[in-house]
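Letters are used for the chains, namely A, B, C and D, taken in the order the chains are written, and counting of residues starts over at 1 for each.
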Amino acid sequence: MSTSTPAPQPSSSGAPTSMPPAGRVATKDRPHGGVGDRLRLWWDALPRPTQWLVGVPFVLFMALVPILNIPVLTTVGTNFGGVMAQFGMIALIAIGLNVVVGQAGLLDLGYVGFYAIGAYTVAILTSPDSPWNQAGEGHWLGREWAWLAALPVAIAITSLSGLILGSPTLRLRGDYLAIVTLGFGEIVRLLADNLDELTGGGQGLRGVAYPRLGVTEDLPNGVFSAGNAAGTLNSGVWWYWLSLVFIVISLLFVGNLERSRVGRAWVAIREDEDAAEIMGVPTFRFKLWAFVIGASIGGVAGALYAGQVQFVIPTNFNVINSVLFLCAVVLGGQGNKLGVILGAFIIVYVPNFFLGRTELFGIPINGNEIASYRYLFFGLALVVLMIFRPQGLIPVRQKLLTYGRELYVAARRSAHVVAPRGGSDGGARPGTPAVATASGGAGGAAPVAGGPTADGPGTARSTTNEEETR
Amino acid sequence: MSTHDPGGIGAGGEHGDEHLAASGRADSSRADLYMPGAVLEEPAIVDVAEVRPELANPDLVDAMVAPDRTVRAKVGEPLLQMENVTVQFGGLVALDDVTFEIRRGEILGLIGPNGAGKTTAFNAMTGVYRPTKGQVVFDGTPVGKLKRYRITQRGIARTFQNIRLFNEMTALENVVVGSDARHRTSVPGALFRTPRHRREERDAIDRAMALLEFVGVGGRATEKARNLSYGDQRRLEIARALATEPKLLCLDEPAAGFNPAEKEALMDLIRHIRDDGYTVLLIEHDMRLVRGVTDRIVVLEFGRVIADGTPDEVTNDPKVIAAYLGVPDEELAAAEGGTGADAPAAPTTEGGSGDASA
Amino acid sequence: MPALAEALVHSATAGPLVHQSLIDFNLAGLGRNFWGLTIEGLTYGAIYALVAVGYTLVYGVLRLINFAHSEVFMLGMFGQYATLLLLGFYPSGNAYDKGILLTVLYLGIAMLGGMIVAGGTAVGLERVAYRPLRKRGAPSLVFLITAIGMSFVLQEFVHFVLPKLTGGTLGGVNAQQPIRLVQPEVQFTIGGAPVTNVTLVIILSALVLALATDLFINRTKFGRGIRAVAQDPVTATLMGVSRERVIMLTFLIGGILAGAAALLYTLRVPNGIIYSGGFILGIKAFSAAVLGGIGNLRGALLGGLLLGVMENYGQVVFGTEWRDVVAFVLLIVVLMFRPTGILGESLGRARA
Amino acid sequence: MHRTARRASGGAALLLAATLVLTACGPQSQGGGGDETTGTSTETDDGGSTELSIVPSVQIDIEGAEVEATEGGDPADPAGDGSAECAEGTAIAMAGALTGPNAALGLNILYGAQLAVDEFNAANPGCQVTIKEFDTEGDPQKATQVAPQIVGDASVLGLLGPAFSGETAATGDVFSQAGLLSLSASATNPDLTKNGWTNFFRGLANDAVQGPSVAKYLVNTKSFGSVCVVSDNSDYGIGLAQQITEGLGDAANDECAAEVKTGDKDFSAAVQIISGADADAVFYAGYYAEAAPFVQQLRDGGVDIPFVSADGTNDPQFVSQAGASSEGAILSCPCGPAPDDFAAAYEESAGQAPGVYSVEGYDLATIMLSGIASGVADRAGLIDYVANYSGDGLARTYEWDSAGELAAALIWIYEVQ
């Protein structure tokens, strides 16, 4: 019975061992879906300076999107800066949740709990309604820097809550973890609702602090204040820029982790937890780390939320939001940082796109009506996407090594050389045992029969290569 | 959909081992989280000679692969001792008072008919099961209640009867996961890219490439594990296990599904591994392969050791002959190696073992 | 999971500014109303249990959290409501009084209507959303996301589309105006706690349905098929069990029980018929299934009853607003000590 | 609901049994006429149906003492004298939850306002005002995205909303700095008027007024010695419950105070607690969606003490959902009774019966429209106009103090009869 590991595809384990599992062949037959991957390969092959040349303007462009006022892109019924600010926060959340779900493979349905804890930490520390308020005149945190001072506290507390939630529950697996985390998310919301003396309960906490920067005569409360509503450079844009800063920082950090022992451990755990542990991966510790890191990023997003909206109330942290966050991750392509950011953008932007729009490309539409059906369309889109593109919009395999780029580049180069030559000889599928093993130029070291060098495997790969170059 | 998957960690479908049943099931659903559609048809071959010219020298490869750690046991001395190990599942005695030892520097064969307890013995060594009685002593200290990853870090590495690679990782990454067992960088180090982290990463890649060359899949380093041919997957598993720099390498039916030529190549590889300084435990059904490569053989039947000696002694032992009576090697190997015969057998034993789930 | 529980209690009681009144341990209240609370809890538990069976069966066979099952239940409520409308009943806040026999008959028909709608929805869900995925061998997270998507679709269908189709009679933003066939009346008392006819109907019907399902799974050929597929789909297929048929049957049974639960629920809570009315109940029922050991039929029943009773006690001891917290904390605590639920998971084993 | 013989038998046929057709005809023949929305028919087999509706009984002041209802009050008519002139494209904005789970309240306000605007436009050919809808989903973050759009739309002279206290708090600064009138029909959090916003007015008594009046009325007039205060977890419910509990003083019974959640449909535990306590009345602070099942379950659970609630419950839906259980319920409201012709016109225009805050939506839109009719053409002017406004509406007399609270707030007590 030890052997009864359920496979996703019934066919995968019935097949004789000498063949690759059937289910996998099926996916291999699908040559499409590599847009993201091809993009990554292209990107990896670029020299460093070129990467900077492309990357920096792209980030700059993203930052300028809300003030460029691009005709169709800009939302009508809602402020585009505000929408982008929300996008920034959800993108952060997607990055954090992606660590937990996409990379470590831990299904977390209660991620909104961390978002809530981050928001409430800032609110409890800086809202005048809170009994523990530390902000404002004569208080410990003062007025100007209260939000910034509360931010590290929020990160610390959410990390801690990740630890508290994770240490007992991460022994559970799969679906049990899902329901326990869902329960956790609900418990956090209900605590916020029930502990009214601390959290204001259903009345919420008002007047949360925000960074008071750029104070001018017109803007007595600075550019981040909700009062900065006029013009293109409104508070939403400022909050979006602030979110972007945090996004870039988290991408750097998460990227560093991904290309290290930690990221490899996460993926190994996701792929096969038992095998990972037997290969010397301290699985529990790294799962806990994934939770803590995911939680702290959620905490940052929560703190941003509290600062921007200046008001927190439990209803904003319900299960539906957890589910939406998860959808952002899956939609964009879990495991892939840029994919999940795209997912977040879609989740936030599309409903707002229709809101208040009366015509699109000259065709009159009732945008509000469409927007009110958004969950219906959203549900349908999810179902269709899962059927036809379950890997998400831009799936990319993560890069798990800090170095070794040259290997991948070399492999890519050789593919270009091999592809045209092997093109005609498309019979053999990769993966059949009959195919000779590739041994590199090393010759004698590998005592393997057969296996001509370098160009030999052309037969094995030709099919795919051909399809790829098409 | 709990498909019966022949040979899990507990492998072989030999015993109902309940505690893994539950975890194994949930576990695979975790593995499923990865989207299979996200196929990366990554370009194929790395010309190793070009990228890593130093690896063209086989001696250098051998030197890089050779284990670099202190083993207390001297060559020829016992490295691992099974001391009166009994493993019970409910009422079923899978291992009954088993005692044998593995000596440093040898290739030990562990054989026995289907259901004899080979894989259980294997699992008891690698910490998957805790012995009900007796103990496993490794390199002078009992394995005791160590966590599984600790045992690996102490120096026992294994491969799996049914291949369990990290399918979505490249061959190179798979091997680096193995070498991570010897690394100490954790989250803070990786987050801020400390010098130690950088050093470890560089070393890991160098060593992993050497290992891949060593087992003969260097050219496929950047290929996803799932896209490798079956034979390459087997070799990759060995490379991954070697990457943990084990004192003892345990191979669980590494030749299953191989044709004679491939088996021959595998035998060479196993000898080469031993010659490079590793101690090897080999579970195998193919008597010819075992006889050809091992220095010593332990035979299990019904959870007991029935013979222990050189290949010649063992193959002439009447008890062993009785155990394999009338069953030619080839057939036996086929029955064990292929899954067809295995699959229906497992549920029966499972049912018999009761359903204590904890 | 004592850590979290402790943290909960601590955060509530230890803070200098937080009065103990936030969570007061009203054990006296529990003692005073013990039997009443137990009976109430069992009533709810019975409904949870019936819905939980749907989760557990599907999970057992497909290893899939059918997140949309709560919407199957919700549509079951609309199904029985529509049936009553078709029978000529008129929505008002008041109860009809048809005499025992006729009332039982009408309830039976309404239940049938609920079962047809819910069962049909469940099977349709399987056909439209899950089967294509199975054909492609999708991993379980893809199933889960699809289920979530279908959950949205079904809710919004009732929210926006159904009122347009029925001229505002069904669906929409507000709850349906109740049709009540049974006026709760106290029949007898247990330990001073009144037992109403509604309570009796709910508990008895749930018992009968649970027994019938148990017999069906354990004693019939179809049931054997389900168990076989749950245990080992490949071998089951080799043995001639049609996996597709078993899966459809599983969804059907789950749907039918959800439809029955829908009627019982509306007996208890006539105002609950609303597009969003299945969500929380679904989460509770899923928790119940996990509590008992998901994939395990009897576990679902036990989990449902236990959850119903415990959260009812909990909301008296800690205060009504803590009801859901009690339910989730209970779930977490149980899973800490029994990681696969109270009875363990396994539909496949003979004890399903 | 269409109950024709054809449909009934069709439904029965669907359910297969021929015999059932006969039985199905039974109830059908008894389903006598009944008004679906405003009243409710109690149908029983022994015939006899009683109509229940919410009937105004007395008017009380802050001390809970009965005040003679001042007859007269000439509610402002949005139509005005029909001679209004204004610039083309003049608009007022409405912001609130128009979609999502909280949409019902927002739509009630919107439809009320829409009715007023329609009447105005019909009567004033020289001034066509549009009402621009802005959906906040009741989500404060969404509100912060919407607010700049409202402010940025130069044609908007005044804002009806935001609807909820949370979003009002989140966006107050935006409107305040833009000098845009913010006239809320439903935000009741007392703190909102303490922010120094000169543009914010609310068209109903905040919780701090209604609570004490009703509490005093219950203690002094009704002589309830022990009242169980049950609240939901909404901003409104919590605020009101606090005020009521304070106002009741010793009469508030701690033992049976309970909190339920918005969206709950089952109140068995609260019912258990209340039935175990020896109380004279139950006060429910929350909305009708929960109040109806709650009162029903109270009655089913054998609790016969009077049920008291406030404006959130003062809705025909409460009666139609709860049926006979709602009989005798005492409902307070800072709103005056909506005239029947308003209800009829509203239903004609919106396709549904007026609900909570529909009347406020109508009244407040009327005030803005009368301002526009009086020649106000800019935002500041409209704020001034409202600040100095004094007049009767359908619901009450509107006159604001400097903070933006209603100057005089009398409470009406209704009873379900």
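Here is the rule we go by: contacts are C-beta pairs under 8 Å (C-beta built on N, C-alpha and C of every residue); 3 or more make two chains touch, one makes a residue touch a chain.
What you see is a predicted model; the values in this text were computed from it and never measured.
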Give me the chains shared as neighbours by chain B and chain C.
-> A
Most centrally placed chain, judged by C-alpha centres | A
Chain separated most widely from chain A, comparing mean CA positions | D
Tell me which of A-D and A-B has more C-beta pairs in contact.
-> A-B
Hey, how far is the Cα centre of chain B from the one of chain D, in Å?
-> 72
Give, as an integer number of Å, the spacing between the C-alpha centres of chain D and chain A.
-> 42
Whole-Å gap separating chain A and chain B, where each centre is the average of the chain's CA atoms = 35
Inter-chain centre distance, chain A versus chain C - centres from mean C-alpha coordinates, in Å | 33
Within chain B, the set of residues that touch 2 or more other chains is 1-4, 25, 29, 32-36, 343, 347
Which positions in chain A touch two or more other chains at once?
-> 4, 6, 8-10, 12-14, 23, 27, 101, 107, 172-176, 193-194, 196, 334, 372, 390
Shared-contact residues (touching 2 or more other chains) in chain C | 63, 137-142, 232-234, 319, 321, 324, 339-340
Using the touch rule from the top, collect the residues of chain D that touch chain C in their complex.
-> 1-3, 7-8, 10-12, 14-15, 20, 23-28, 31, 34, 36, 40-46, 101, 103-104, 107, 233, 255, 258-261, 263, 265-270, 272-273, 275-276, 289, 292-293, 296-297, 300-302, 317, 319-326, 351
Using the touch rule from the top, collect the residues of chain A that touch chain B in their complex.
-> 1-10, 12-20, 23-24, 27-28, 30-31, 33-34, 37, 41, 101, 105-107, 172-176, 253, 256-257, 259-265, 267-283, 285, 289, 293, 333-335, 389-392, 395-397, 400-404, 406-408, 410-416, 418, 430-433, 435, 437-451, 453-455, 457, 460-461, 464-465, 467-468
Okay, in this complex, where on chain D does chain A touch?
-> 98-99, 133-135, 138-142, 144-149, 151-152, 165-166, 169-171, 173-174, 176-178, 189, 191, 232-235, 237-239, 259, 261-262
Mind listing the chain A positions that touch chain D in their complex?
-> 76-79, 81-83, 85-86, 129, 193-194, 196, 201-204, 206-207, 221, 225-227, 229-230, 234-236, 305, 308-311, 313-316, 352, 355-356, 368, 371-372, 374
Given the complex, residues on chain C that touch chain A span 1-4, 7-8, 11-12, 15, 17-19, 22, 59, 63, 65, 128-129, 132-133, 136-142, 144-146, 148-157, 160-161, 232-234, 237, 243, 279, 283, 286-287, 290, 294, 319, 321-322, 324-325, 327-329, 331-332, 335-336, 339-340
